[in-house]
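Naming follows writing order (A, B, C and D), and every chain is counted from residue 1.
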Amino acid sequence: MKKLINSPEEVVADSLRGMQAAYGDRLRITFDPYCVIRADAPVKGKVGIVSGGGSGHEPMHGGFVGPGMLDAACPGEVFTSPTPDQMLSATKAVDGGAGVLHIVKNYTGDVMNFEMAAEMCEGTEVETVLTNDDVAVEDSLYTAGRRGVGVTVLVEKICGAAAEQRRSLKEVAELGRRVNDRGRSMGMALSPCTTPSSGNPSFELADDEVEIGIGIHGEPGRFREKIGPASQVAERLMGPILEDLPFSSGDRVLAFVNGMGGTPLIELMVMYAEVARIAADHGLRIERNLIGNYITSLEMQGCSITLLALDDDMLACWDAPVDTPGMRWGA
Amino acid sequence: MKKLINSPEEVVADSLRGMQAAYGDRLRITFDPYCVIRADAPVKGKVGIVSGGGSGHEPMHGGFVGPGMLDAACPGEVFTSPTPDQMLSATKAVDGGAGVLHIVKNYTGDVMNFEMAAEMCEGTEVETVLTNDDVAVEDSLYTAGRRGVGVTVLVEKICGAAAEQRRSLKEVAELGRRVNDRGRSMGMALSPCTTPSSGNPSFELADDEVEIGIGIHGEPGRFREKIGPASQVAERLMGPILEDLPFSSGDRVLAFVNGMGGTPLIELMVMYAEVARIAADHGLRIERNLIGNYITSLEMQGCSITLLALDDDMLACWDAPVDTPGMRWGA
Amino acid sequence: MTAVAVNRDTTVDWMRRFAQEMAEHRQELVELDTAIGDGDHGTNMDRGMRKAMEKLAESAPGDPGAVLKTVAMALVSSVGGAAGPLYGTLLLQMGNALANRDEVDVVTFAAAWRRGLDGVVARGKAQPGDKTMVDALTPAVHALEQAHDLDGGLVEAAQAAEQGMYATTPLVARRGRASYLGERSAGHQDPGATSSYYLLRSAVAALAD
Amino acid sequence: MTAVAVNRDTTVDWMRRFAQEMAEHRQELVELDTAIGDGDHGTNMDRGMRKAMEKLAESAPGDPGAVLKTVAMALVSSVGGAAGPLYGTLLLQMGNALANRDEVDVVTFAAAWRRGLDGVVARGKAQPGDKTMVDALTPAVHALEQAHDLDGGLVEAAQAAEQGMYATTPLVARRGRASYLGERSAGHQDPGATSSYYLLRSAVAALAD
């Protein structure tokens, strides 16, 4: 394992020190417990938006804290969901009197820790949006359900904009749930990743194999196959996504091609060309796009695709200004 | 070799197709020859800014085309400098009557191709800024001289802003040269990269080795050593940078921690914490920072550090709005 | 039988031994979790129990219930993941059941375990057979409830937990991260069931004789 | 001696053979360039000569000078890197020297080579001994200048280029990308010198007999 870290134990704290040094004018970083908070929080009368999850998915979530997106993020250890005391502390720090929205990715650990936190948040109205957009996972009573992946970034951006408009907690939460309902994702990997603490790759892949349907913690996917051209990879991911919602001809969509952390941008651009082609074949109108590393798995090579069926409200919220280290426009 | 591409021959064309699909409203992409051009070029009365170089360093340069930065970029094949006809075509496309600045990284191929292009650009006044900020290379009559690396991104941003203010070609070029003179960089790699056409890693590193002083095409560095903590890596890079200019106590600097393409952001944040510490030890005031993948080497893991000794003019130009796929603020 | 019983000091000793087990078996738990999860269970539990031992040293709680609650809160605020809330709930509910009690007998201790297990099930919604820590804890609590004395009961409970742990191997996971694997989760022992067995084993070492 | 000489058809044949050499030795040149450069020399030259053959087919130039200029322009606009401008300049200047000439004799041909080499040196500023294509071209042009007939001259030029190519191995690079390696560039044969040898070898096959 070769990594630019000081020690596996210190990687989260050190990276937060880096964020403090880099963005200390805009973000307040606390270390006990770990929280990344908008410097001007709480914003009076605004719904506070708190997200969180294991580290190793940067820029998500800490990189999305700032005007127009999150009020606070709670980073856990690498690939380990954060703890209730973090969420409690973040929730209290961003409570501007209009309630606080928790954005939670559907993983057992995240769900339980956020649940405990919500139970502890007396005096603050809390609503939760659970993201579960990963079509690679069978959604049934006999599993932990679908994982929350790429759509989480879109929910954070869109709810962030709605909260800036001073919409009510209920409205922001409903919008977030609608985004989750209308978004679908699927990912794939060319290579595994290695958490600093384990020191070993999360799985093994042959030199010519890819894993289709992978999760963002190196969870295995639907199947493995010999690597084909980008056009084939795009079809493997777009097929299940398009079937699942289903998306239909004429739909306006946001297309999000996400890198898993170790994929060069030139490859993401090649993938986007294929996604645009397949979307056009299905009669979809790509109104907006997002291409880059936004929800990653350490140094994993691969990508995920997210499609969101947009409505006017989502579109306007997407376009609204955002000013965070990881996503910035109009500001 | 596992890559998200259709074929080694088509990777540059396919990625440009992706850019066209994604940013076709803002960028004009030509395929014969390859150019990425601001949709509203030429901007009348504004100095046109053209950069270019081999592909594989994304988002540089195509991702930096747009208001406030480049007017056009010429992407070569992967790690191969572009050809004079591309630069000629780009230069003509962005000539708004105030002349055109060529930003050229100091590599034999880039220099010669841009030279030939400049010789062919009859009717357009052309100035050239050569970047050569890589302190890892001995600068002597008996080498090709220092390589242009991280400072190139800063020159492009700062000259882009100066050109938007309608400064003259000479002024923009002088500012660009001053940025290059006052900027220094050094990079390192944890792992090599593989060009699509060769299919083999650019070099081999043992499981516990890093290469210090690497170039952005996998050119070998100053030395190899066993990997140490991030604090040590940062010292290896900051030492030669700080000595070279030299930077002195009280200087205001821009600190740029760049990922080589395959490095997770969490590691760049850890590196930034170390850079900030070392800078503070030297009495430098970090006024601005840039952290992320901006000048990459395909999927190489590693990072580079660039320090720029800022003056007021550079600072103002840095802060000016920029609206490109790869760098965006104030717009 | 002997002088060992569930009191303040033996409960602290139990937690100390559990912390030691988590440190020693950290890598084993990481490997089990790498096979069907995300490879952090050993690191999580080790980090949590270290923190718990610090907190115990700082706050010196006065009875078994307080000891367990202190550990529970430390786990909740330092483990994260699925194991943090689950072990936190287990020990918190046991601690609540033992609040202000000392020199606890087997009936009371078994009832505390039952309350803890109920908490785990309420929090995680896993049933026996879902391939989770519940598969080690359920038979262990049952054995303790059947026991007439603490020593024998703990030994039987630990044996039941061990069997429950081994029995997770052929199962297909239906809760937690391992459920993403579907059929491919069969053939691997559950990490959480394994750490739960160590919790019982530590109890034997500290509380039985 | 024979009927073969430097005319339109033999010049086209020369370029065709060079294109073939570049295709065949593509991987070898890539490997040489991987050792001391960036691994693209084979791909670059192969891509360029394919493009040149297309252009030759399209435009059917009428004399050796025009053939070489067509190839030069194709190389300049498709090779990139260091080799594009250098081979482009070499062939462009040779083409200029041979403009509107046909059935070229050895003296004229040698002079054309000299002009090409001068162009390469003016463009790239490399001296013999810098470990570049100049190390293969310089002795080759010299041999041609000493020759009394084309056939013998070409054979000797190719031999000289080959020796020049081999002689680059111990050298420390002082130009181009390989110069970044400093002392470590010694022990590797220069890729550009190697492709230059193939250019001479193709000339022998097409123009001598």
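Please note the rule applied: a contact is a pair of C-beta atoms (placed from the backbone, for glycine too) under 8 Å apart; a residue touches a chain by one contact, two chains touch by 3 or more.
None of these values were measured; they are calculated from a predicted model.
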(message) Just the chain pair, please, that has the highest number of C-beta contacts.
(response) A-B
(request) Let me have the rounded angstrom distance from the C-alpha centre of subunit A over to the C-alpha centre of subunit C, please. (result) 32
(message) Between subunit A and subunit B, what distance separates the C-alpha centroids? Give it in angstrom.
(response) 29
(message) Need the CA-centroid distance for the pair subunit C / subunit D, whole Å please.
(response) 76
(request) Note the residues in subunit C that touch 2 or more other chains, in rising order. (result) none
(message) Can you list every residue of subunit A that touches 2 or more other chains, as numbers and ranges?
(response) 78
(message) What's the contact topology between the chains, one of line, ring, star, complete, other?
(response) line
(message) According to the definition already given, which pairs of chains are in contact?
(response) A-B, A-C, B-D
(request) Could you pull out which subunit D residues touch subunit B in their complex? (result) 30, 34, 37-40, 43-44, 47, 76-86, 88, 123-124, 174-177, 179-182, 184
(message) Taking the touch rule as given, give the residues of subunit A at its contact with subunit B in the complex, in rising order.
(response) 2-7, 11-12, 14-22, 55-56, 58-59, 63, 78, 190-191, 207-208, 210, 227, 229-231, 233, 261-273, 276-277, 286, 289, 291, 293, 296, 298-299, 301-303, 325, 328-331
(request) Please name which positions on subunit B make contact with subunit D in the complex. (result) 33, 54, 76-85, 107-109, 112-113, 115-116, 137-138, 142-144, 147, 195, 197-198, 200, 202, 215, 217-220
